[in-house]
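Two complexes come next, and they have one chain in common, subunit A, joined by subunit B in the first and subunit C in the second.
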Partner chain A sequence: MILDLHAHSIKSDDGRAKVSNYVQWIKTRGLPIDGFVLTEHRQFDFESDYSDMARESGLVILKGSEVETEYGHVLVFGVTESLTQSLDFTNIRLALKDVLKAADDHGAIAIPCHPGRPRVGMAAHIETYGIPAGVGIVETFNGGSRENEDEIAQVMASAQGYRGIGGSDAHIVSHIGRCATRFEDSIRNETELVISLRSGRFEAITYRNAAA
Partner chain B sequence: MNIQVLSDVNFGEELPVFDPDTGIENVRRFCKAANWMGPRFTDHEAAKKEGLPGALVPGIMSQGFLAAMIHRWAPTGNIKHIDTVFRAPVIVDEHYHIKGVVTDIDEDSGQVEIDLTVVNDAGETRVFGTATVVLLQSA
Partner chain C sequence: MRKQDNEHNIDEADIREARAKFLNHVFDEKTFTFTAEQFADYAIACGETASCYTDPKHPDFQASPGFPCSLHPSQRMPDGYPRFNGLGMDAGKAITVYQPIRPGVTLTGRTHIHDIYTKSGRSGRMVFSLIRMDIYDGENLLSSADTSIVIRERPAA
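Let's turn to the complex of A and B:
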């Protein structure tokens, strides 16, 4: 199963895509992905229910979040109400260790994204803060990466023994599915996503060259 | 093909790619005409002294390129809205390709939504955004 683990909708301040148009784009373009995860900035979208859209389209549509820490941005999968009560998702200065611990405590998982990106990626902050404890996975293919950002992420992942995921980081409709993650397991919901990520049975993939 | 009415448009349709003239002389002419002067737009060395990688194509010029591309595709279309997110600077004298693709069609209002991107030769998206264009529903 292939999921794009990093996408934003109009729920994010800089997102310009309606979820229904992501679905229409994936189906009409015949993209080779089975679904995507909406990771809205600094929030978890409790109110939206995409289950009808998912059922009708045959796609998996899940929800996560992208929060901000001193090491840059971090994707959180398996978000629950109790997790959002213990961690202020709107805080742009969260401590990565707190995000990792809170995620772990509440059955979720936290994964630094676009770690090779200046300012908002983990690699840019290692010289200042050191190698963070508790990170096991980073995003090694990001659809919005420029220059050598993905290479920096991959080199870091290799050096630290991190596993890699892929996500498009789509903010507009036509960018969905540029990068994704191939799972050995079938995933139907956020709980199964967290289990699969913890299992390590996945790999990051990119379709950027095909899209270009 | 020029688009005249809404029924001419298909979901996923790509607008003809537009390669704008971002040469220094063209940018200087634009800045003069728009009274949008500043060395960071018209002088590479001055821009570098400000910590920039080179002179910048003004954002309003990039938006003008986007509007021009849309009107070439749909000359009678009414651009209601262009919304851009500048993720990386657009540098004077570098080559860019402006792309557009239709990502939503509202038959009731006659509006189409277009994804817009400014991409460099390496395929990196420097600017992305959307435009809302109102088209005639019948000729």
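Let's turn to the complex of A and C:
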């Protein structure tokens, strides 16, 4: 199963795509992905229910979040109400160790994203803060990466023994599915996504070099 | 250059304080009245082609949906609003339409700070201020026009 693990809808302040338009794009273009995860910035979208849209389209549509720490941005999968109560998702100066611990305590998983990106990627802060404890997975393919940002992420992941995931980081419709993650397991909900990520049975993939 | 008394670097405590002090308090109220010709001129200048926006004789003639973006309060920001040290830019507009705006009606624009939040990106940390003008016809809310202003933290020297 292939999921794009990093996408933003209009629920994010800089997102310009409706979820229905992502679905339409994936279906009409025949993109080779089975679904995507909405990781809205600095919040978890409790109010939206995409289950009907998912059922009608045959796509898996899950929800996560993207929070901000001293090591840059971090994806959180398996978000629960209790997790949002223990961690202020709006705070752009969260401590990565707190995010990792809170996620673990609440059955979620936290994964630094676009780690090769200046300012908001983990690699840019290692010289200042050192190698963070507790990170096991990073995003090694990000659809919004420029120049050698993914290469920096992959070199770091290789050096530190991190597993890699892929996500498009789509903010507009046509960017969905640029990068994704191939899972060995079938995933139907956020709980199964967390289990699969913890199992390590996945690999990051990119379609950025594929013909448009 | 000497900073003004209320100009300072971006700090989360300042954001919390600003939110507590400024959110959702109307700081400006201004009235407007527009003719049908003004609505039509605006719509045509924007490339609008629907006759309900461009032809004053149309039975459902009204201001084009984007028209409220052209309205400005008398006062841009509330008194005492913090001047975060950084590079300021317009961060976009958004309109929510509730009811048609008709010509010849006295409109009242009430403006408040609707949100203040921070984010970090490739270019550094930023503070967004979302200014909302609610446009009323008497007590009826016709439209809300949002203007976002972003201050990007000045890079360290």
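Remarks
Note that the second predicted complex is superposed on the first by the 210 of 212 C-alpha atoms of A that agree within 3 Å, B and C clash if a C-alpha of one lies under 4 Å from a C-alpha of the other, contacts with A are read in each partner's own complex, and residues count from 1 in each chain.
Just so we're on the same page, contacts are C-beta pairs under 8 Å (C-beta built on N, C-alpha and C of every residue); 3 or more make two chains touch, one makes a residue touch a chain.
Quick caveat, the model's predicted, so the values are computed rather than measured.
In the superposed pair of complexes, A:Leu193 makes contact with neither subunit B nor subunit C.
In the superposition on chain A, A:Ile165 makes contact with neither subunit B nor subunit C. Once chain A of one complex is fitted onto chain A of the other, the partner contacts of A:Asn91 are limited to subunit C, with no touch recorded for subunit B. By the document's definition of touching, of the two partners only subunit C reaches A:Arg119; subunit B does not. With both complexes placed on chain A, subunit A has more residues touched by B than by the other of subunit B and subunit C.
Look at A:Ser174: by the touch rule set out above, it reaches subunit B but stays clear of subunit C. By the touch criterion defined above, A:Arg16 lies against subunit B but remains apart from subunit C after alignment on the C-alpha atoms of chain A.
Within the complex formed with subunit B, the subunit A residues making contact are 14, 16-18, 21, 24-25, 28-29, 144-147, 171-175, 208, 212. Per the touch definition, subunit B reaches subunit A in the complex via residues 11-12, 83, 85, 87-88, 101, 103-104, 113, 115-117, 122-126, 128-130.
Here subunit C touches subunit A in the complex through residues 12, 117-125, 128, going by the rule given at the top. Those residues of subunit A that touch subunit C in the shared complex are 13, 41-42, 68, 72-73, 90-93, 117-120.
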